[in-house]
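Here come two complexes built around subunit A, the first alongside subunit B, the second alongside subunit C.
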Partner chain A sequence: MGTLTILIRSGSMMNMDANVAVELANAALDKGHGVKIFCYGEGVTLAKEGQDPRSFPNIEEEMAKLISRGAEVVICSTCSTARGMKMGEEMEGATVGSLTNDLSRFISESDRLVTLAR
Partner chain B sequence: MSGDLLTIITKQPYGSEDAYAGMRLSLGIAVSGLIAGSAVLLMGDGTLNAVASQRSEVLGMPSNLEALQDLMDMDVPVYCVEEDLRARAGIVETLDGVTMLGIEEVGNLVSRFHMVTTF
Partner chain C sequence: MDRLFIMLRSPSEYRDLSIIASLGGEGRIGIILFQDAVMFSVHPDRRDELLDMADEVFVMGNDLEARGFKGKGDPRFRVIGYPEAVDLIMEGYDLTITV
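Right, the complex of A and B next:
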């Protein structure tokens, strides 16, 4: 089995990239692959705690399911700080990390990298 | 160290953070010590990031030119598709150290990398 890294750069409510990321991650997990998700730029909002969309799918809940299935989720510290997202505002199970330590590790441990952005 | 990453930048400097974010990502990968190689390829509108006369201070934005220089200072190769730049800006001076290549060379460059991401 392989490992897939998803680099997501769109925000949770910007477009359907977040939904695609969730579906892609679930499909990979279904097949027994490892999944790592790095949230970069606006993508950090995928892992923000307390999302409450009224009419759209709740990406936080979907991300929580992925984490419970073994997906590793890291959000970029610089990007989240730039957007006023404080330490502790990340959803449970996600960690705040960096390009240097975490995305680099993800890439070194992965067989495929998929970037989602518009 | 294992693997390597090519970051393809197709977005123009300024107007969105994409190009700058791509350069910073490539730099972060390069200094990690975990990845064998990191490089940047400027294509399409992304080639405008290499134009030497850009003046980010007019916009009050961080300089994409300096971000490119930071990459080269860390020995990250920066490639630029010459035809794409000429089509958009004509004959212009580019940042020293940027390697111009023809569109026919892009396939070979991409195939040399384990992973590719786009901005």
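Right, the complex of A and C next:
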């Protein structure tokens, strides 16, 4: 088995990229692969705590399930700060990190990288 | 090096496919169509243009169904689900590029 890193720049409600990321991560975990998700740009909203999209899919809940299954989720501190998302407003289980430290580590630790962005 | 391209946008939104040829290189080229990109498989003009660029083209079945195109795609586009997409990404190809 291998490790898949998903790099996502699309926001949680922008289009269906976040849903694709969740489905892909679940399918990879089902097959026994490791999964790491790095959120940057609007993608930091995937791991914002307290999401309430009413009748639409709740990406925070989906991400929480992935984390409970062993996925590692890091969001970019620069991008979240730029969007007024303060430290402590990330969802439980997600870590605030950086492209330089965490994304580079993810890439070095992974067998494949998939980018979801427009 | 075999390259797998991921496409997300519809044929009317994504006009220029030349980037696939320029990034494709010498090895095998595969394409997976997600979201609105699945409409390439039912587009009368652009499906052949896409098929000409790749050795194999896959289309996500759930995105076809969500858009009302179940069973209507060109049979040369292989309908797959997420498990097969993971296999293609992790084992079928060396590199994945989203365009």
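In the analysis below, the second predicted complex is superposed on the first by the 118 of 118 C-alpha atoms of A that agree within 3 Å, B and C clash if a C-alpha of one lies under 4 Å from a C-alpha of the other, contacts with A are read in each partner's own complex, and residues count from 1 in each chain.
The definition used in the following text is that a residue touches a chain if its C-beta (ideal position, glycine included) is under 8 Å from a C-beta of that chain, and two chains touch if they have at least 3 such contacts.
No experiment lies behind these values; they were computed from the predicted model shown.
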| item | value |
| --- | --- |
| Touched partner set for A:H33, first subunit B, second subunit C, both or neither | second |
| Which superposed partner A:L116 touches (first subunit B, second subunit C, both, neither) | second |
| Partner chain in contact with A:N15 - subunit B first, subunit C second, else both or neither | second |
| Subunit B versus subunit C as contact partner of A:I107, first or second or both or neither | first |
| First (subunit B), second (subunit C), both or neither touched by A:G2 | second |
| Touched partner set for A:L99, first subunit B, second subunit C, both or neither | first |
| First, second, both or neither for A:N58, with subunit B first and subunit C second | neither |
| Set intersection of subunit A contacts, subunit C complex versus subunit B complex | 112-113, 115, 117 |
| For the subunit A and subunit B complex, residues of the former touching the latter | 7, 9, 40-41, 78, 98-101, 103-105, 107-108, 110, 112-113, 115, 117 |
| Residue ranges of subunit B in contact with subunit A within the complex | 1-3, 5, 17-18, 21, 24-25, 27-29, 31-35, 115-119 |
| Residue numbers on subunit C that touch subunit A, as the complex places them | 6, 8-9, 34-35, 81-83, 85-87, 89-90, 96-98 |
| Of subunit A, residues touching subunit C in the complex | 2, 4, 15-17, 20, 23-24, 26-28, 30-31, 33, 111-118 |
